[in-house]
Each structure stands twice: as structure tokens, then as C-alpha cells.
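Here chain A shows up in two complexes: once beside chain B, once beside chain C.
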Partner chain A sequence: MSWLSLNLRAVYGRAYPRVIGVMREISWILFDIFLPLLGIAAFIFYYRAMGAPEVFTGFVIIGGAMTAFWMNVLWSMAAQFYWEKETGNMSLFLIAPMSRMAVLAGMALGGMFLTTIRALSTIVLGFIIFGVSVQAFPVLDLLLIFGLTMVALYGMGMMLSSVYLMYGRGAYNVSALAQEPIYLVSGFYFPVRQLGLLLAGLASIIPITLGLDGIRQVLFGDQGMGFLPVGTEMLILAGLGIVFLVGAKLSLDYMEYLGRREGRLTLRWQ
Partner chain B sequence: MVHAVEAQAVTRVFDSKAKQKVTALDGVDLEVKEGELFGLLGPNGAGKTTLIKIMCTLLLPTSGSVKVLGHDVVDDFQAIRPRINMVSGGETSGYGLLTVRENLWMFSQFYGIPGKEARRRIDEVLEQFGLLDKGDSKVRAISTGQRKKMNVARGFITDPDLLFLDEPTLGLDVSASFVVREYIRRWLHEKKGRTILLTTHYMAEAEDMCERVAIIDKGKILACDSPNNLKRSVRESARFGIEVEGDGAQWQPQVAGLISAAWSCKEGRRLLTISLEQEDTLTDVLLQLRDRREVVLSINKEEPTLEEAFVSIVKGGSA
Partner chain C sequence: MNLKAHWRTMRQASWLGWQLEANWTSPWLFLAYSIMKPIAGTLILVVMYLVVLQGVGNNIALFSFMYVGNAFYVFVAQVMLGATSVILEDREHYHTLKQIYIAPISLYAYIIGRTLSKAVIAAIACVITMAFGMVALGVPVQLLQVDYLLLAVAMVIGLACIFMIGIALAGVTFLVAKHSTGINEGIAGMLYLFSGVVYPLSVLPSWGQAVGHLLPTTYWLELVRRALLPNLDISAVSGLGGVSTLEIMAALTVTTIAFFALSAAVFRYADRRARSKGKVDMITSY
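On to the complex of A and B.
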């Protein structure tokens, strides 16, 4: 059995529960499509009441859909190891011969699949309900920036999860703390360039900021109110993806060593 | 001969939140032979789980060395992991929305077992554990006992060379425990050279299954031997129960090295329970019975149980 074969199987194995969850946990239709649509609707009505350009409706729907990815990364990637430790899965992952990165990659791919379906459902429904139209756009550019965003975003989630591995319950609080501020600075409901160069630049460390901005520019063209040119955003996202993935690998190895040394890998109720 | 486990002078010290050092293992020496079903017994907090975690590569020893299947747990842990597995009786691993079969399959993928082979093994263990009819049920819909059996089955799916079973029958009913014990025996019989390290609080289980057991307390190995030898080690005297016909006199045997003799009556029969310093002086007792024209119905040698041995060893601090 080759190293590649082992780890591909492990990725598939860990992604499977998330993929199958789409079919078995139908409640997501209510919680992940209809409820977010209410929040989206509120922003759309604000913008319409203020007489904002109609393109803002599309901004809000895209932003609302993309929040699902941020939530997924925070709660189902970064904090996931906390739950795995609580249920006893963590020690079984750790004594298995696969790479720890395979577990994280499985979680990421499964999460991406699940969340993409949810996000697409939100976008389609939102566009239909609020009558949003988009210009003809380069599909390849859209797929590229979306793909780069996902790699960087889930790479970040993988890195965070390795850090959270050591912090147990603390991870939960950090995720709760990160949730709302990132909604603001990443421009989920408005073009991020409104924050100014410095704040928008800082917010760009979170890959969803540039990803969202790039997707809006591709879909809405000149009306997209972009922060940086799409090509530049793609390059930065690619760089962030590499940094986060390498960081995840190094961090995971170190945290595992630290955990074995301090005995914190499998201790529950931390 | 390569031992499945070789631990030498292993210590493990934890830093507690109160900035105090807690010594969980204190100079543990242990050897588990390949192909052996070895028991690790100890009261709660004795250090059993810490020792198992070190052997499973989940924890580093503070000092000393541990080799598992010939590989060092500190420097060469990657070579150990494909060849071991672990089951903890208290665990609730797996995902509730997956079926029993899917859960087992998922864990098999972490060991790179090809799909067809994984499915064959899953069918086999499901049948052996009496879970075939639950294979397609979601884990959250099955009983706790069935879930525990699934977890034990998970340990065997990867066909490990060394399997750590940490209280595998904890919380199982009598028939489920029996199924698990029978499977363990059969597996070891069929798979020559495989080793199991079992921890349990059920002394009868250890006595029934293990070739050797180690008793650990306060981080130290107090005794390590076969259950029979451990039992003998704690009782220097020989105790017999002699059943005699009729409800006649309750006389005192006169033999050298008699520690105690007591009579009891039940349903027209008398039972003489005697403790002797030397087992062979039983002959003198039997001669006296013959001289008194007593009719002996049965003679039983009363062995100490492993439980008695365990309590005695732990209480005494050594064998």
C-alpha cells in the first residue's frame, strides 16, 4: 500500500460523513438556506430603502451565501478537533497510520462540498426572489477565484484546527469571538473597499475578504466596486493558500508533538 | 525473540494545574510476548491508561524506553501505527448519522484497506458480533450495547498485530460480553502471532482469558505472572473443604501444621473446612476421618480467586 493510496483513502473516509450528511440531515434546508435568507432580506430592504444601487442586492446575496463557508471553517474545521476529542475520535485518528493532513483535507473537502451546495441554493433562491441579474461573465475566472478562495480559506481552517487541537474548550470561545468581527471586516454585506485601504488590507488576511470581492467583480463587472484588480486578488489568494497549507502541516506536526509531550491530545473536559 | 511490548524503567510525570508534579508511572518494567493475551490490572488511577497511551504512541514517556513491535514509541512511532489498534470500552467514537457499516468502513480507510477487502472484513465482524441485522442502521439509532460492540469490532477490522483493549466489556450485558470474549479467543487462535493487551476491572474475565497478568498500582508494576501463580503467591496455606456424611460430632483434627479447622452442617451433612501449612498433611486428616469411621463424600481444594490475589497484592504493595 503506497503512502498516496493510504492518504487518499483517508481523505475520502473523513470526507464521507460530511458528504452523506447533505442527504441525511435535511434540516439544513431550513437552517442554512431559509434562515440566512431572512438576514439577507433585511440588508436588501435597508439598501433599497436608502436608494442604494440595485447591484447591492447581488452583493448582499453573494456575501450571505459566502458566510456559510466562513461559518463552516470556524465551526466545522477549526473547532472540529475539540468535538473529535470529546467523542473519542481524536485518539483513533492519531493512532492511525494516515497523515494528519489527510484527516484535515477530508474534513475540508467534505465541508466544501456540503457548504457549496448550501451556498449555491442560497444564491439561486436569492437571485430568483429578489430578481437579481448578472452580466455575461468569464466562468473560468469565477471558478478560479472561487477555487483559490476555498483553498486559502480551508487552508486557514486546517491551520487553526491544529492550533485548536491544543486549546480544547478555548477553541470554542475563539471561534465565537472571531465570528461577528469577521462578518464586518470581510465585507459580507458591502464592498470591502468602503473600509479604506488599511483596514481592507488587514482584513485580506482572511481569504474570504478577497475571494468575495473578486467574485463580486467577476459577476457584476465594473459595478463590482472592487478593492484590488481580480488578477492581483487571485495571486494573493494563491499565496495565502500556500502559506496556510504549509503552516497547517508545520503547526499540526508541532502541536501533535507538544500534545504527546504534555498529554493533552486525548484529555477531555479541558 | 521480539516482544510485542518491551517497557524499561518507564516514568511519566504530568504537570497538574496546581503546579504540582503528578507521577502516573514510576519505573515500569514490562514485557509482553508476541501471541500473548496479556492482562493489565489495577485500581482506578493506577496508571493503566497512561501506560496504554504511551504504547499507542499518544503520549511520550518522561523517561525510560518503550518498544512496541520492536519500534521505539518516541523515535519510530510511524512504524508502529499501521500495526496497532485500540478499543476503549468507554468510548463513543464514530458518527451517529452514519450506519454501523459506514462507520466501520470509515475507520478502515484510515488504514488504507481497499474497499472490497474492507467490506469483506466488515461483513465478517458484523456476523461474529451478532450485528449483521444492524449493519445498515444509523449508529444513533442502535442501543448503547450494540454501539459498544461495534467499537470493539472496529479494533479488529484493521487486523492489527497488537490490539489494545481497554475495558472492552465495560457496560455490556452478560451475553454481549460473552460474544466479545469468544471473538477475542477465536481471533487469537486463528491469527497466530497476534497479541492483545487487555485492561479490565473484571477479575473473572482476566482470569478466564489472560495467559499472564500484570498488576499495577500507583504507577508501579506490583506483580506479573500467570493468574494461577499470582493466586498461589498470595496464599501460602492450603485450604480444603471435606464433606462428611451425617450430622455427628464436630471434632478437631490433630495434625501438624494445622492452621484452622471449622465445621458446618447442612442438610444432614457436615463440611470440614481446614487450612494446612503443608498440603500433604491432608493425608493425616483423611486417616483420622477413616479411624472415626466417617464417610467422606467429597474433597475440594479451595483456590484463592484472582480477585483475592489482586486485593492482597495491591494492599500489600507487592507480591
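On to the complex of A and C.
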């Protein structure tokens, strides 16, 4: 078997249980689609209580939908190696002859499946329920910025997952910390430019910051209150994608070496 | 089983819960970690407010209403998610749920005990968030004018109710996979949406207001706000201006009793179903 087909099979093999796992309990899809809408609705009513312009409703729906991807990257990509260690799968992954990147790519593709269903459903339902109207927009731009965001975001998730080759509960708790603070600095519920140039610039290291900002600009035009021009954001996202994917490979190799040397790769319940 | 045994179970479980929560790092780092999430959550709302209304003072009643509601909602989020994480951690991570089941202890007492550590963390986060609001953002809480008796009674009844909702969700968790945290977050989101945590109930459509009036958290937060902000006309913002504090206390008590019954029924059903379907030791690795 060639190197390429081996790794493609590994990608397929790791993505498969995630997709099939979803099909096993169809009710989970309903929960995953409808229940997050409640939290989003709360932020919409909060804006309405203050008399905010209607475009903010759209901001919240897009931001709320994108939280699904951030949560997926955080818990089903980065922290997944923690669970694999705990359940004993990690040693099997390491013994098998495929690349660790192929395993992570499989996780990413499988995870993206349900997450995309959830995010798209949230956006469609949210727009219908709350009556958000969108003018004609360049679909290609939207697909491009979304695709670039996903590559960079899941690349970041791959890089973060390497941390779990060495560390356990401490890293897991740091992941738990990366929810609300990231929602704040990445502008999930308001235009990120409101945070000022410095903070918004620093937050741009997280791909979803620019991805969200770009998507809002594409969908809502001038009302999108963008931070940077969409073209610039695409270029930065493309750069981040390359940096994170290369960084993930280097980081995985290094952390695996450290983990082997210190005997932490199979350490459980630490 | 006598009360003493339940108390012992709760005490040991809460100590175990505390160790699981806190012993992965130094106490100071853990404290910073514990308050960072709720502070960030609050700041999201503060920034949203500032984006629209430009300054805190432009609608101080609405701002205080939102701030206090959100600061105390941390109890709901922490306790409810804490109760469900007990099941997930013991079942999927430590693989000890079977042993807990067959031990001669009350599962109720064990879950409450484990969740108590989350309530302590929530209390610390709530106090720090309120202090931050008072000092940095000008939330007008006058410590000498707070109605501490009302606050204490509201907290006791409100927390009892939140614990019971948490136990019901723990029961539901028996039946779902580890990554289905959306259910718990959804329930927390529902309470957040319909209880008027950060906006007046009057903003909701009429059916939404009706749902809000059935939830104990609506009355609990109203009482907390009245106790902390006696000089601010909060009841005019909340839409409960025509209702006396005693009536709201009665509504909180009645809805809490109803949720007690509901929680017990949900937990018993889920427990029985999990056993019959063999889900007590389910491990979801995908």
C-alpha cells in the first residue's frame, strides 16, 4: 500500500465513526440544532431590549452559529487526544504506521460534518424566525472566506491537540477556559472592531475572529462594520492556515518525542 | 438510610469534587481560572451594551438589571453543568460510575455532594463579578442598604431549585453520549432566555412571557435584584412592578416545589431506562 493511500484510508477510518456516530442517535441532531438557538435568541432579545439596529440580530445569529465550530475544534479536535489517551486508543494510533496528521484530518472532516449541519441549520432557522433579511451577496467570496477560516481553524485545533500528547487534566482545563474569553475577544456577538485596533489585531491570531468578521461583511455589506477589508482578511487567513498546519506537524512530532521520552503518551487519569 | 449517612456521602463527594476541580494547579491559578470565564461572559454583555448605548449611565436601571442577573446566573450554569459532568466524568473518564451505583450510598446525595464544589466556585465567581461591577462599572449596589434577609431566603430556595434541575439533567445525561453537551447548554440557554436574566420579560413575545412566569429562576433573580438594589426601580424594568416581594417569594416557592417533583420523576425514569438499556457504563469514544 502506498503512503498516500494508507493515509487517505486513515483519514476515512477516523472520520467514519464520527459521521456514523451521529446517525446512531438522530435525536442528538435535533438537540444540537434547536437547543443552541435558545442561547442565541437570548442575545437577540438583549439587543432588542436596548433598541439596537436590526443588523445586530444577524451578527448574533452568525456568531452563535460559528460557536459550534469553535467548540468542535476545542473539544473534538484539540482535547480529543486527551480522551484517546484516557480510553487507550492513543497507543494504538501511535503503533499504527499512518501519520498522526491523517488521524487529525479524519477527526476534523468527521467533526465538520455534524458541525456544519448544526451551524447551517442555526443560521437558516435563526434568519427565518427572527426575520433577518440579506441583500444579494457574492457567494464565491462567502465560500472562500468560510473555507479559509475552516482550514486555519482546524489547523489550529491540530496544533493544540499536540499539547495533549504531553499534558492531561491541566491542558483540558485550559481548553475549558478558551470559551467565553474567546467569544469576547473574537467578537462572536458584536463587531470585533469595537474592541479597538490593538485588541482586535491580537485576537486575529484566532482564525475565527477574521473569519466571522469577513462573513458578516460579505453578508451584510456596509452594515457589517468590518475590521479589515475582506480581501486582506482572506490573505491573513490563508497565511494562518499554512502556519497552523506546518506548526501542527512540527508540534506533533516534538510533543510525541517529549511524550515518548518522559513516558507520558500512555499516561491516564493524570 | 439515615440522614447521617447521606451527610457523610455528600461531604466526601464534595471533597472529591473539589479535588477533581482544583488540584491540577496552584490555588491562586485555580482562583484566576475560576473567575476568568464568568468575568469574560459578563464583559461580552457589557461590550454589547456599550456598542449600542455608548455609556453605562445612559440606562443605569437596565444595565444594573442585566449585570446582577448575569452575575447570579453563574450559579445556574455551574450547578446544572456540574451535575451533568459528574455522570460524564465518572462514566466515561474515570469509569467509576458502576462502583458508585453498587456502593451502599444514595446516588442523589453523591451527585449533590459532587456538585457542591461547583456551587462554591460559582459563589466565588459571583462575588468577584459583583465587586468588579461595583468598582469598575458603577453598578449601584450599596452594601449597607442591601436587604440581606431577603437575599439569604431567596438564595436558599433558588439554589435548592437549581440543584434539583441539575439532578434531572444528570439523569438525562445517563442516556446521552459525552459530546452531547448541547442538551445541557440548551436547557441552560432556555432558562437564560425565558427567565429574563439580562433583559425584561416584556421584550419576549406573549407566549415567551408566559413560559417565563412558570420558571422559578425568573422569581429568584427578581428577588435577588430587589434585595441588592432597593434604591433602584428594578421592578419597573423587569415588568413585575405590580407584584409584591411576598407574592414573588410565594411564586418562587410554588414553582420550586413543582420543579422538585418534575426533577425526581425525570431522574427516576432516566435511571431506570439507562439500566435497562445498559447505558450506565457506556463509553463514547468517537
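Heads up, the rule we're going with is that the second predicted complex is superposed on the first by the 264 of 270 C-alpha atoms of A that agree within 3 Å, B and C clash if a C-alpha of one lies under 4 Å from a C-alpha of the other, contacts with A are read in each partner's own complex, and residues count from 1 in each chain.
Criterion: a contact is a pair of C-beta atoms (placed from the backbone, for glycine too) under 8 Å apart; a residue touches a chain by one contact, two chains touch by 3 or more.
Treat the numbers as computed from the prediction; the structure is a model and nothing was measured.
By the document's definition of touching, neither partner reaches A:L144: not chain B, not chain C.
Look at A:L235: by the touch rule set out above, it reaches neither chain B nor chain C. When the two complexes are overlaid on their common chain A, residue A:M98 makes contact with chain B while staying clear of chain C.
Within the superposed three-chain model, A:R260 lies in touch with chain B and out of touch with chain C [touch as defined at top]. Residue contacts after overlaying the shared chain place A:F43 against chain C, while chain B stays out of touching range. More residues of chain A lie in touch with C than with the remaining chain of the pair chain B and chain C. In the superposition on chain A, contact of A:I117 is made with neither chain B nor chain C.
Of the two partner chains placed around the shared chain by superposition, chain C is the only one that A:Y189 touches, whereas chain B remains out of contact.
In the superposed pair of complexes, A:P17 makes contact with chain B and with chain C alike. Looking at the shared chain after the overlay, A:T87 reaches both chain B and chain C. Across the two superposed structures, the residue set of chain A contacted by chain B and also by chain C is 17, 20-21, 25, 87, 89.
For chain B in complex with chain A, the residues that touch the partner chain are 12, 14-15, 53, 56-60, 78, 81-82, 84-86, 88, 90-95, 97-98, 102, 105-113, 138. In the complex of the two chains, the chain A residues touching chain C come out as 17-18, 20-21, 25, 28, 31-32, 34-36, 38-39, 41-43, 45-52, 56, 75-76, 83-84, 86-87, 89, 110, 169-170, 173, 176-177, 179-181, 183-184, 188-191, 194-195, 269. Residues of chain C touching chain A in their complex: 24-25, 33, 36-38, 40-41, 43-45, 47-53, 59, 62, 66, 92-94, 176-180, 182-183, 185-190, 192-193, 197-200, 203-204, 283-286.
Listing the residues of chain A that touch chain B in their complex gives 1, 5-7, 9-10, 12-14, 16-17, 20-21, 24-25, 87-89, 91-98, 103, 260-263, 265-266.
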